[in-house]
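By written order: A, B, C, D and E. Residues from 1 in each chain.
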Amino acid sequence: MSKPKVAFYWCASCGGCEETVVDLAEDILAVVEKVDIVLWPVAMDFKYKDIEAMADNSIFATLLNGAIRSTEQEEMAHLLRRKSQFLIAYGSCAHTGGIPALANQFSREQILKFNYEDAPSVVNENKVRPQLKFEEEGRSPHLPMLWDTVRTLDQVVEVDFYIPGCPPTPKLTKTAFDALLSGNLPPKGSVLAPDMALCGECPRKDSKPIDVVFTGFNRSATTILDPEKCFLAQGVVCMGPATRSGCEAQCVDGNMPCTGCFGGTSRVHDQGAKMLSSLCSNIESKEEAGINKTLEGIPDPVGTFYRYGLAKSILRRRINPTA
Amino acid sequence: MTKFSYYPGCSLKGSGRAYEESLLPVFKSVGVELDELKDWNCCGATAYMAVDEVDACVMASRNLAIAEKAGHKEVVAPCSACYLVLNKTKHYLHDSPAINKVVNLALQEAGLSYSGNTPVRHPLDIFIHDIGLDAIKAKVKKPLKGLKVAPYYGCQIVRPYSTFDNQYNPTTMDRLLEALGATVLDFPLKTRCCGGSLTGTLPEPGLLCTYILLKEAKKRGADVIATVCPLCQFNLDGYHDKIEARWKEPVRIPTVYFTQLMGLAFGISAQELGLQRNITPMKPLGATAA
Amino acid sequence: MDKATQDAFNTGNALANAAYQSKKRNVTIDPVTRLEGHGKIDIYLDDKGDVERAYFQVPELRGFEVFSLGRPAEDMPQITSRICGVCPTAHHMAATKALDDLYKVEPTSAGRKIRELVYNAFTLEDHALHVFVLGGPDFIVGPEAPPELRNIVGVIGKVGLEAGRKVISMRRRVREIISYFGGKVVHPVLGLPGGVSKALKKEDLPKFQQLATDGVEFAEWTLQIFKDIVLKNPDYVKMILSDTYTHKTCYMGMVDEQNKVNFYDGKLRVVDCDGKEVCKFTAQQYREFVSEHVEPWSYMKFTFLKQRGWKGFVEGPDTGIYGVGPLARLNAADGMATPKAQAACEEYFKTLGGKPVHHTLATHWARVVEMIQAAERIEQLLNDPEITSPDVRRAPTSVPKEGMGVVEAPRGTLFHHYQTDERGCITMANMVVATGNNAARIAMSVERAAKGLIKEGHVTEGLLNKVEMAFRAYDPCLGCATHALPGHMPLMAHIYDHRRQLVQVLEQS
Amino acid sequence: MSEKPWTPRIVAFFCNWCTYTAADLAGVSRLKYAANARVIRVMCSGRIDPQFILDALNRGADGVLIGGCHPNDCHYVEGNYKMLRRFQLLQRMLGDMGLEKERVRLEWISAAEGEKVKTVMNEMVQTLTRLGPLGIPKRWDEWDKEMTEMEHQAGAQEPVACNCGIAKIKAEVAHV
Amino acid sequence: MSVKQNGKEEVRIGFYVCHCGHNIAAMVDCPEVAKYIETLPGVVLSRDYKYMCSEPGQDLVQQDIREYKLNRVVVASCSPLLHEHTFRSATEAGGLNPFFFHMVNIREHNSWVHTDRKEATEKAKGLAHAAIQRVAHHKALETKRVEINPAVLVVGGGIAGIHAAMTLANAGKKVYLVEREPSIGGHMAKFDKTFPTLDCAACILTPKMSEVGCHPNITLWTYSEVTKVDGFVGNFTIQVKRKPRYIDPDLCTGCQECIPSCVFKEPKFSDEFNEGLGKRKPVFISFPQATPQVVVIDPEVCLNFKRGKNPDGSAIVSDKCKKTCVDACGDKKAIDFTQKDIVEEIKVGNIIVATGFKTFDAERTPQYGYGKHKNVYTALEIERLVNASGPTGGDVIMRDGKTPKSIGIIHCVGSRDYKTNKWCSRVCCMYSMKLAHLLKEHTDAEIYSFYIDMRTPGKGYEEFYNKMLEEGVHFVRGRVGEVTDWAFTPEEEGKLVIRVEDTLAGYVRRIPVDMVVLATGLEPQADAQDVRRLFNMSCGSEGFFLERHPKLAPVNTFSDGIYLAGCCQGPKDIPDTVAQAGAAAAEALVLIDRGYIEQEPNTAFILDEECSGCKSCLPLCPYTAITYQEDRKKAVINEALCKGCGTCVGACPSGSIVQNLFDDDEIFSEIAGVMAYE
């Protein structure tokens, strides 16, 4: 009997997720013994039409990383959806939009303009812009379109499971494989990571007093971080309480607060809003001036609470009038 | 030196010149500088409001707009009529978006606009609440010892917009005059009508009003009536002959601006204060004391 | 959609139609495999089927500079590392250095050493990756070999499974250094203005010291392999020296006070195609020396020397185009900073006929030389008593305004430049990246190769691969180049397959 | 949307003890105000989760109104302060996303202030009418449209050649 | 969109929209709403009905539940604050858990406040749609039963407090009656006669007062104030501060020997009870019938306090005084200068607030010259002046010693006036006429009564008005402009001239009189706001305490277990006050006799599995219901302490706290619902 076919694919991502799969090291062998890898652009040459030729659902599972920001990426997402029994959003970008989704706070025009006109190092008197189709003596190299909006995978096609993280840990990846292969799967749409917030597995959990209220927020730029104490207890914003566990608190191990790459728990519609709610509720001041003073420590709420989640979130940009 | 924008109005340049002549030096001596609006226009007086509210508002608000443009926080309007009309305009513009719209359109024509934020203040208000009685006492050189004064406020500065004093029983001038050392009489008619313009149009009822005031002041033994309003001063000072002829009763009693009394107390000469302009002159201070 | 973009598209539309009328033949290599990022070449042939023009295109853009706006500066090391998951540490470190400059704070000596340690570890593992997986196979296995062999599999086939295992484990051990300090090896978090977030515990030192020694040994071993396989093969040497792969341009690289190669810190030195110093400047001065040019057919921007100006894709004595990366660094420096590396370097120039070396493919060799320096540096740092000092950070006190940072990414010079408001929130962010610096030279190489190799429409994969080789030598990370879709980690997985089941996987493709 | 001319849609979250009761009072007193708002009752303004506000905007509300007890008057001691604190940051954040701050409004309305319910409702409708539709969900629902639109503008009679990152060689030599 | 299923069972919703006669139907097209809702998934039947709250309306719900196997019920009608309970009961009677019901407010929030039928109908659809989606998420809940402590606290010892206390005490309930003044009796005790029957206030009040004083079920604390209120309906914990009167009430026999023996031979201190018209000594008893019959020593003026008081209220005993009072008291030893504040803590289940009113300060209307002209009096002063036990023993002698020949009574002083108080004080017309009668009786003076409108709603009131007309009181219709001592004619000399526009005669009159009486209106107590906060009640815009519903719950407040009686809720005369006091007592009795109340089960609880123990919720709970279990490293909510505000729910960063009745799912689906309908 033939082994289940597995495919890896990437869209708008940085490649870090690929590294993770690679970093499975010995672990992945166990996996690979059990499956045939039919598609792995980073790993082997193959033909697009080979995939097209496959029967629908003939791929057992596809792990797709990266957000969706262009027509070609969408096309591929649809193709793989069709061919796969399980489509798995792998990593923050596919899961919640990831860092590239921060672009959803700005318009495409802003991006093009800065890159090709305003950047201090650019010299471009005639304001040349890359063209979708450029013509030069009948030669017409074309470029794909970028969208105004970065999207998560499940905003484009139906997704069966999610593996969170920027990047996901090899451990989570392995557990996911085991679950898939053993067939004892959580309900469709589940995130394949513990459904409890990071504090649950944070080594600094006990160092947080039970009565932390905020009179100000400290920024890592100007604060020496205590290597033992709960960051919130140090007045440093840590997304831990609003973020799924499963990363083994790696950033905390590097003595930096959680920035929320695992996304919120299943019970939360919007990770950022929830964190905002929890932090603000515990501010000490009772009148506007004092509250604003306290909040000076959070100059960029969007970037702080939605570092990886802007595409997924229900916080959305005003489209018109200007942007 | 605190600065106020100053809207004199027609009276203080005409019949009520003495008011201005006393107002400016007195303010100066308590460290307030009044800077007269450039190119101010008639406030429209109480009459215009009756004819056409909107137009009246346009006219009045132009002055406020100019003040705003000049970047002044507050406008001082010493004449009661001006004070009332400007305040009224301010209220109308605030309460009625419709009027506000029209007015500002009109002002735009003149490249002006009025935000509605510039308060209109009365000198009394400023003396009592901004400068304060202690500061004023400190300035007194010649206390008005024994001078019996009937404080007369007239109808307009506290009604209907009593912003700085009690509507029925104003006391700011009383307290001010006491601070100057004068004996302030209980004058129940302090806000009763002086006859206004009726003295000119319908002499009978008009003069009656004036007569009542003079009579009561005399009866209560006042040496002088202190007023805040050019029109009141004009009525109370201008018709003594007529009134005595009509009611066969001596009613001669000098009526002066409270600022003139302040000036005297501050040791400014009667001349500078324009006291010579009174028809029924006020006796020199010493004399009254005797 | 906003006006400007619309116009852009409409013009595109018109041009497109025109293009379709004129029946031109074209060949598309799409995309280029085995390089970190997303590139594509359009080669246009004339009627005879000879190459008329070859476009090397980068078809994506994410706009990190723009969506960094308003972010607190201290988040930049973590945000920009997402530009590329293959060289996150380079961006992380450049950003961190920019923060030092932004807050005008000097890292503590221990902090600085930890950064340099992490950075050299990164350089070592990344170079190793390229040598054995990305560019290397072209030589080790041979350019004409079938694609499924022209990869690490092939390499292992050639040098033996043992060697393969050695590569893997060494690379993983080196990466442990990064994850120790950075929490994660992909997208580390250690960088903060004035130092790093975490110190090295004494008890953890020994295992790293062992690793350091092995590292040096590994680097030298790699050099040996390269010599045995590549230099002993006259065809390859001929190819390296062949005109197809040679461009006379300027070169930029970072050097220390003694003008020796340095990856983490120093001044930038530029030499012309005769090896004469053109200029030497600090990160803060970059705008006076470096400019970017825009072409309508690629999202990638082309960097050139400001004084010399953009003269198009031309080479020669007064060209403004310069190269970066191993080849350039060795050309721009007066030698290596460590003894073993220096020795290797001298041999390199001797063999290739002295400075400067213009042969693109020599980059592979230069890379190995650099591996040695990185390994030696790691060893030095780990034996420095101060490395375990707890004093790893100095908190800034001054009001931030503007800061620049530069490092030598494995692929070449990488600039980060930020301006902030007084709260330290980004008001302007600009990044000039390694592959951008190389872009013009790459484009030229591609076209040259295409012209040299494709005749009369005769196209074979082997030929095309040689075209790819032309720029694969640069190990271009196009992800960085456009802060765009990167992420090829070619064939790595095969490794794991092959460490146990070589044959099977070989059969697979 | 329906054929009728656009009017702003408001979702209001009122606390049970003050503002909801005030709205009842407005009703009992037969005060008249605009019908644009849909009130959702919670026990305390402290219960109002920022998620609710975002969700409402996201589902097509042009504005969100929050009503709670006056400072010191919260039936639950300080729930209203907690809302105030969240509100201040949330409002700033929405600003960063390009939303006008008037779109989300927090009002303290006591059980006695039926009048205020009326004025606030009417004011808010005025403001939103001035600001116009928020248009978030419309835009997000119409992704596919966005793309087809772009493809046209890209002038691709044939679909833009698929750069799917799959290694393939596409050699088309046009013979006529 | 599809209805999310609650558990496994399929959702079967019954929807009812109420016409409420025309109240709703006039502005909302009820059949259309029903038709629209019928189309929604999960809705089994959808009806419109004239009066849902009526008996047949409720039966309809019950039948449908059985007949159509409904498991959810939604009614769109009035405010849930009004009828939610009614329909929950109906749902329960139909055999469902009452919390499978949800209510939509389309009357107070819709038909009554909108003017465009189309818009109103659409709004109704939207709100109903939301309810339909919400109710699908409802869960079966158990109401929480809270035991009712049978004791009752009555705050304020005026006629309202007295009557309420008596009613409860006579029903055998324990009552704590707390009065701020040294004696109970309130304003009524100061009155001479009561309108319209003219029976003597003292005669009808004092028996009740002494009854209260000696009632076994009543603990009477005068000269005391409530300082703290904790807990909630059924179980309030109250702190009462008892100010020292420097007399031990248990030892004092009320012989009052101490008063004549005081070192002050003559009374020389203003007597509050007589509105300052009379004088009293440092040791005094407010009035002869004062209850309790215990004298008070005023530390402000008693010589023994010349060196002041300790913070705790006890005297820094000085020998400035010969202490003749102590000698007079003899071996009773009731006088104790070392007394200090006593703080009592009591537990009660219900509270009746009867803190009464304050009369309008006449100096706020300077045009009437109160405080300026000495012969201008307030009505309350006249009450004392004509009172046999008053300062003058009932002779009407003015401050200038003369007896008035002519008296003007001015109505609506501080009432029906935009510059002071807008409201009508309800009692002034009547008491003015009462005083007119009494003054005429005592002085035979000419009485002029100046009124705006004559308001005599009440049994025998209009008749009383006619009686006054017959008695020859001159009624002048018009609001008085000013009271001045400025005489224009000789006959006005030395008199107070009342200037008024006689709106019946149509000209301005000047009426000279000897005495002017100002019929001052009723205002909220000066400290009403503090009391409001203390008991967690609301105030109306005018400052009187706000009842839960003006018609249907006139004595209830928004806080369960706290009721209103008397003028603290709004001006009213004695009969209404007593009636309301009885009603308040009855409301309390209802709960006491049932023995428990059922509380909304809207409490929050923590999902134990999911809680990460991040401790963010701990500082949020004002009732300290959330605790952290160190061993398990998780937070836990004590349901008994939780009041169900949901603040912690809104703030839990991982969504691991859930609130019954206001679950995230329920609210999100409600939002989706209101937005679903265009």
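Points to keep in mind about this one:
Methods note: contacts are C-beta pairs under 8 Å (C-beta built on N, C-alpha and C of every residue); 3 or more make two chains touch, one makes a residue touch a chain.
Everything quoted here is computed from the prediction, not taken from an experiment.
Ranking all chains by how far their C-alpha centres lie from the centre of chain B, first place goes to C.
Top-ranked chain pair, ordered by C-beta pairs in contact, is A-C. Comparing per-chain C-alpha centres with the mean over every protein C-alpha atom, the closest match is chain D.
Chain centres here are Cα means. That of chain A falls 58 Å from that of chain E. Between chain A and chain B the centroid-to-centroid distance comes to 74 Å (mean Cα coordinates, whole Å). Rounded to a whole number, the gap between the C-alpha centres of chain B and chain C is 85 angstrom.
Multi-chain contact residues of chain B (touching two or more other chains) are absent.
The set of chain E residues that touch two or more partner chains comprises 620, 647, 650-651, 664, 668. Counting only residues that touch two or more partner chains, chain A has 10, 41, 45-46, 105, 132-133, 142, 144-145, 148, 268-269, 274, 277, 281, 300, 302, 323.
Across the complex, chain E meets chain D through its residues 79-81, 105, 107-110, 112-116, 119-120, 122-123, 126-127, 130, 533, 536, 538-541, 546, 550, 558-559, 602, 620, 622, 643-647, 649-651, 659, 662, 664, 667-668, 670-672, 674-675, 678. Interface residues of chain A facing chain C in the complex, by the touch rule stated above, are 10-26, 28-29, 32, 36-37, 40-46, 66, 69-70, 98-100, 102-103, 105-116, 119-124, 128-136, 138-146, 148, 166-167, 219-225, 227, 250-256, 259, 296, 299-300, 302-304, 307, 323. Within the complex formed with chain B, the chain E residues making contact are 365-367, 372, 419, 482, 484-486, 488. Put simply, chain C touches chain A in their complex at residues 1-2, 4-5, 8-9, 11-13, 15-16, 18-22, 24, 26, 33, 36, 42, 44, 52-53, 55, 57, 59-63, 65-75, 78-79, 82-86, 88, 99, 103, 147-148, 151, 168, 172, 175, 179, 181-190, 192-193, 197-199, 286-287, 290-299, 301, 303, 306, 310, 393, 395-397, 415, 417, 423-425, 428, 430, 432, 479, 485-494, 496-497, 499-501, 508-509.
In the complex of the two chains, the chain E residues touching chain A come out as 607, 609-616, 618-620, 628, 633, 647, 650-656, 664, 668.
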